[in-house]
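What follows is subunit A paired twice: with subunit B in the first complex and subunit C in the second.
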Partner chain A sequence: MSKGIPLAEALARYRADADIAPLPGSTDIDTLLNTYHPDHLRGSVVKLAVGANAGDSCQRELAGLLQAEAFIDEADLAGSPVTDIDVLVIGGGGAGCAAALAAAENGARVLLATKLRLGDSNTVMAEGGIQAAIEPDDSVQRHIQDTLRGGHHVGDPTLVSALAGDGPEVLHWLINQGMQFDQTPSGDLHTRRAGGMSTPRLVHCRDYTGLEMMRVLREAVIQHRSIEVWEQSPAVELLSNEVGQKCVGAVLTSLNNGQLRIVRTRSVILATGGLGRLHLNGFPTSNHLGATGDGLVLAYRIGARLCELDSFQYHPTGLVHPSHLAGKLVTEGVRAAGALLVNGLGQRFIDELQPRDVVCAAILRECSEGRGVRVNDQHSGVWLDTPRLERAQPGLLEKQFTSLMTRTRVAGIDPRVEPLLVHPTLHYQNGGAVIDANGATTVPGLYAVGEVSGGIHGRNRLMGNALLEIISFGRRAGAAATADRDRGPKKVTLEHVNQLRRALTLAGLPMTQRAPQILPDYAAGGVWNR
Partner chain B sequence: MEPLIIQNPQVGTPQVLLHPERRVGADMSRWRSSGGGVALERAVKNPAAVLEEVRLAELRGLGGSGFPAWRKWEAVAAETPKPDKYLVVNGNEDEPGTFKDRLLLEETPHQVIEGAVVTALAIGVNRVVFYTNPDLTRSLAAMKAALEQWQASDLLAQASTALGRPLELELLPGSGHYIGGEETASMEWVEGRFPFPRGKPPYPAQAGVHGCPTLINNVETIANVPHIVAQGAEWFRALGKGSATGTKLYSLSGDVLHPGVFELPMGTPLRELIYIHGGGLLSGKPLKAVFTGGPSSTLLTPVDLDVAMDFDSLRARGANLGTGAMIVISEGTGIVKRVAEYERFFAHSSCGQCNSCKVGTANMSRLLDRIDTGCGTAADLATLKNLCTMLPGTGRCHLINGAVQLLDSAFHHFPDEFRQALH
Partner chain C sequence: MTTSNTTANGDDQAQSVALTINGLAVNAHEGMSLVEAAWHGGVPQVTSVGCLEGVCGSCRIMLRRGKEVTVGLACQTFVENGVEVVFLPPASAPLHHYEVSDFKDGWDIQARFQDIFPEASRCRHCHGCDNACPKGITVENGVALAAAGRFREAGEAFFECVMCELCDAACPELIAPAHVGLFSRRVTAHFHLRPPNLIHRLEELRKERMENPPKDRRKKNNED
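Moving on, here comes the complex of A and B:
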């Protein structure tokens, strides 16, 4: 039951030309975060009882999945067709494509399996851009420092320096693949400065950088003769050797007919992205339909160590209303351009350009203390004051935020006259599988790249580092997975699942839940929809 | 080497071979103070009584045959040395799911050596070979250290005096081949050749290693001898359940909560082993089947849960105790896949000496792989069934028989699973 001022009443009370009182005094950031940020919600974090991270803190819903029963048993594999391949890439977003391309360039036969379609990913939703230290007064060192500081100094310096060092080379590679970037009149790459950066470093293509990147990667993957793509083929389990300690393949299924297929391989690259669609703590999400954290579940079950399982990034301004757009992002650029956040009483309550976690916590405080705008029993939010922005800078919204304008116009809202109701939305998984600079996890034969991996962003990710990460580490893992000249697997088993079951039974945990989730509960169609 | 699976604490069952006080490793003084050497002293005084005691105790061959030990002993004892007599203590242990001998060799090497020396005295053997799987590095190290202590001790000198000629003890790492555990194959290896099984007759008791009369017994069989001699046949007989005698080391593995080695009275029901000592099945699933004695035997199914696990009771059910290995699988495990894996193991392990075995196991493995991967046809299944009738008894050793027995049993118990996997 959410408190707050009913939507119609709040809308009637709203005036774009009303005077706004200045912000009241300073806010105690730590108290605000500890009281209201979703990571600190009471009961939202539990300790893991089994597995490589036993004893570590983990978000509650995620812990349920990590310590769940597997979907398949050995018997289900009887009669399943077997495919032998050098490298299996699981995930068809930017990281998966980059890894597949790098592996194929290194001479491997690659199978790229993706849950939905190639390119159905969060990569296409990246609007802002990609970070790379290419400006004359910038340096890799500054990029490293910004990234580490942004992550509250929890990130792994080795990984961060690999990431930052790859920046210029990644841009070069992307341009060679045919990707377009915005340029200055003189033809240089145009850079912007965004949150957490000490200098302009964000290279971009309009406000759809990720979409442009995915376009190029997708074409390259489809055209590469050594890469086979299986769409609508989610992984339900990894395969291990007879002692359950090395990854030697995966079991894929088909969303069309549910048939299981065994893929035997020298190495597996997980590029499965994040878990927004688990709707942790009941939050809406900006993530695409397939982001259900499958990669984390599979990796954990085969024994890979994970990190920062209790740290997630919530984007402060996800739409609340209309309901079919719930969770969709309103880019940070709108606030950067000067839009204010006001509560249902028409008051400002936070400096809009504070870091994302702080703004999030402030919005949640307004909602929980009854100053928010209530849509229904479950949902409330605060106003993003776009009409005031339009009054101050006429034409700006139309010119710079075309994607936002199109989306809201279809929904029957004009942001130039009606404020947008926003609420924090689950955006990014800061942690993930522990990797080294080659993307290798702690399990031999298993690599993780992109959002499913952890250690780079610490406890908070900077804008533009995710797009860099997927290409940088995708290519590193692709090359390393190919260099692994270990002979092919002799025996593929589900031994690691048995080991997990033994641990779960010994720990007295119920095995009522099954994982991975594959699709959210509410998703339509597909044999995996339960 | 993987760390040893430590036996889980047992409550209320007698432990002889694995009694905590006897698990002292290669520490001779601790072994002596826990009662080690008593049987040897008795055997030195009266070697002839040992055979009689073992006969009364009804000690069986615990390496899988279940053949009464005293019969083989008697046959060797009756032979004259030509010029030597051999005892091969078989610790090749390479059967999937079997891991009891490694525990005995590693934790109780002196018990095994004493057993071998007592046996040697009883039947007049002057050369003892401890034939051990070369991959069991920890067992080999423990045996090496223990044997060095024996060479320096008065026990061996006493035995040699009683025997009337020097008693030689040798530790011989095996070939690492599964087939090397077959009794005649082990003799080939002891003679320095590849372990090809020999044809029988002549039986090893007449002409074994280098043509000399040879007794070959499993490590566990030999380890029981000192206790029978020291405490008497009556005591030993009382350890077993029903008509069975002594204890048995059961190697329990698969989908159970607590896998490990359990020393239980011979004839303990399968249900007690799985559900009491093994802690039940993982995830509380129902039991599907048990591969007994390693995979080279018939399957047991839930209807057999109350069968006593001794040689005679299982044989009466058409099954086989084998080495006492119990690989438990729960509902949800694919029989086709498991059997295909084990048949691949047999195909890989066939020495290739007999054509029927070499080609037969390879073909069974290939056809099962086809069925398991969804490419099999009804004709493939018919071919497999045909092979099951053609192949048994066509090899020099039992490898082909074991391979067929497994498949035949799987067909018998789970016919639908094979049919459903067809293309």
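Moving on, here comes the complex of A and C:
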């Protein structure tokens, strides 16, 4: 990535009032995606050799983790303190909180364990909003169609109709918990239309929807009498029954003192989120520090089937500069409001409102063909022309994009005056653990909700469906996990780990790498040492 | 391309900055946030880093510059020569307990608020909370509004609150302003947000369910 126009030169050349030539003729979308989208990079996908998805395609770095050695074996369990609980929720983001609250509402005693602080999650950063078909000319059916089409018709129609059908009731539940939304002067919930929606369906709380949702759910969980919360307590392994075929608990550690703790339970709900912090294919990420794909690793090791392991969403507009915000998002809303993408030569190169995967590939094409703006040998990008937007609609950025303005102000950047340098950033894991409409995985006793689960978004997620999914399926799984009448485990073992070790040996795979990752390497020195 | 989000942005000639983090001497580059500096310097036991963009409120720090002591968020604060930084432990569990579902209607909400947050009316106007807030919220004023029962306005004052709870730590009267703000926002939505478009759709869906009850309601575990 050493090609491109040097930053200083590009900045000197940039004019917010320059005439912009119309877009060059039509682009061949398929060729563009196949040549430049990271999912199609040569060597970025391998076949899995062991486990429930043996033979399936999987992103290379993720495959390494799915087929890795565990951290612990039976000897480590001896002497570890044991906790018995009805339902264990692993993960303290929106999905985990919704699942815990639903389980508690249904009478379960719940333990919610989270790697970092309760509420530290990608939920808290979601800006756009939550989809729900509530407008008079909208319907659940249209929401289903849009979601399936957006996912390139790979999504599971049963899950998608459960999701869309829950939309209005999810908003009702959130308002009952005390979440606010923007309203029109007549009191209706205000809706926006975003990429892939055939009609306005995005309900929001300015551009702080995720923060508003997370702080309300976090408070509700903390205040709930039947929910215990363990922070700084990542899961290192699940526990299985004697034959390794049912999930009966988990082994947690502590970031503070490394103490292992055994939790025995009737059901485990994985709500561990995504894997942006694995920096797949060397990309920066918009994700929270804890998003290291731990749930996928744990689920796969205990035998759960996963899906779409080669499909990830790279958000087109991640910040390149300033460095402490590298990879962090500029919301799609800015492009929806009219901001253009411009390369280092001052030319437009793609229709900015094409689906995310297409815009992402187009930006990567500009950078690799030398028309990007080059910061240094490792970093380049293109301009998001916010000053032009400000000229066209004065005051818009300040009024509608509070979060963006606050974040850039801290760094001494004013998007109204200088354009933002952006580059695609790893944003979302489209696939994940295969689930049914209750959030149940293919392993008895194990549920998965939120980004760690798969099948809803197919191979591309629409804006606003993630916040809906975490509440809809979080609540479904919480209720279903509580309804499991199983009396709980007699014996907890690591039999599934032994089985995977045998399979790895038979397949001749190395067992040098250990997983789950827990934290990215660059933070591990500071936070956690294995 | 590097796999880290956090390497310096190519300013090869970036100035070196010397500071102290959790008692360890750290040499960082100008322009780094304190989180980047802590990682760069290999500071152990920094267990409170989250979103890295100032919305999760986890990376709470206390800074000392000479005789001046302030608090803030490490991902939003930049390195300076000679500054001493301590990452603060996570906030302790809240002292105030309530569940929104316990409130039957909104008419006694001021009394309930006084029961739950009796300290809120004892503000001594020291501005500790205002000075502690990394988001520039007018915390003290927000608490006063809540104590006067003006929950909608109080909640609006706390709109940008990221629940770092630094104001809670700063309050000598143990008021817990962040939770007062969130309480105000929650009761406002719980009692007053009644959007006609949503209610209409919920009613339509309810009637639809009455007319054709779903066939495959697989409540498998409830029926045995």
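Note that in this section the second predicted complex is superposed on the first by the 522 of 530 C-alpha atoms of A that agree within 3 Å, B and C clash if a C-alpha of one lies under 4 Å from a C-alpha of the other, contacts with A are read in each partner's own complex, and residues count from 1 in each chain.
What we mean here is this: a contact is a pair of C-beta atoms (placed from the backbone, for glycine too) under 8 Å apart; a residue touches a chain by one contact, two chains touch by 3 or more.
Here the structure is a predicted model, which means the values were calculated and not measured.
Engineer: Under the stated touch criterion, which partner chain does A:G43 make contact with: subunit B (first), subunit C (second), both, or neither?
Structural biologist: neither
Engineer: Looking at the overlay, does A:G395 come into contact with subunit B only (first), subunit C only (second), both, or neither?
Structural biologist: In the superposition, A:G395 touches no partner, neither subunit B nor subunit C.
Engineer: May I ask you to decide whether A:A326 touches subunit B, subunit C, both, or neither, giving the answer as first, second, both or neither?
Structural biologist: second
Engineer: Could you say whether A:R501 touches subunit B, subunit C, both of them, or neither, answering first, second, both or neither?
Structural biologist: first
Engineer: Which partner, subunit B or subunit C, touches the larger number of subunit A residues?
Structural biologist: In the superposed model, C touches more residues of subunit A.
Engineer: Is A:N256 touching anything from subunit B or subunit C once the two structures are fitted on A? First, second, both or neither.
Structural biologist: Touch status of A:N256: second partner only.
Engineer: Looking at A:G55, would you say it contacts subunit B, subunit C, both, or neither? Reply first, second, both or neither.
Structural biologist: neither
Engineer: Contact-wise, after the overlay, does A:E74 reach subunit B, subunit C, both or neither (first, second, both, neither)?
Structural biologist: In the superposed model, A:E74 contacts subunit B only, not subunit C.
Engineer: Using the touch definition from the top, say if A:P185 reaches subunit B (first), subunit C (second), both or neither.
Structural biologist: neither
Engineer: Note which residues of subunit B are touching subunit A in the complex, please.
Structural biologist: For this pair, the touching residues of subunit B are 255, 257, 282-284, 331-338, 341, 371-376, 417, 420-422.
Engineer: Once bound in the complex, which stretches of subunit A touch subunit C?
Structural biologist: The contact residues of subunit A facing subunit C are 1, 116-117, 119-121, 124-125, 132-136, 140, 165, 168-169, 171-172, 175-181, 183, 186-189, 206, 208, 210-212, 215-216, 218-220, 222-225, 231-232, 255-256, 279, 282-285, 288-290, 320-328, 375-379, 402-403, 406-407, 410, 437, 480, 483-485, 520-523, 525-529.
Engineer: Under the touch definition given earlier, write down the residues of subunit A that touch subunit B in their complex.
Structural biologist: Going by the criterion above, the answer is residues 69, 73-82, 262, 491, 498, 501-502, 504-506, 511.
Engineer: Would you pull the subunit C residues touching subunit A in the complex into a rising list?
Structural biologist: Those in contact with subunit A are residues 1-10, 12, 31-33, 35-36, 38-39, 42-56, 58, 75-76, 78, 90, 93-94, 97-101, 135, 155, 159-163, 179, 182, 185-190, 193-198, 200-202, 205, 218-219, 221-222, 224.
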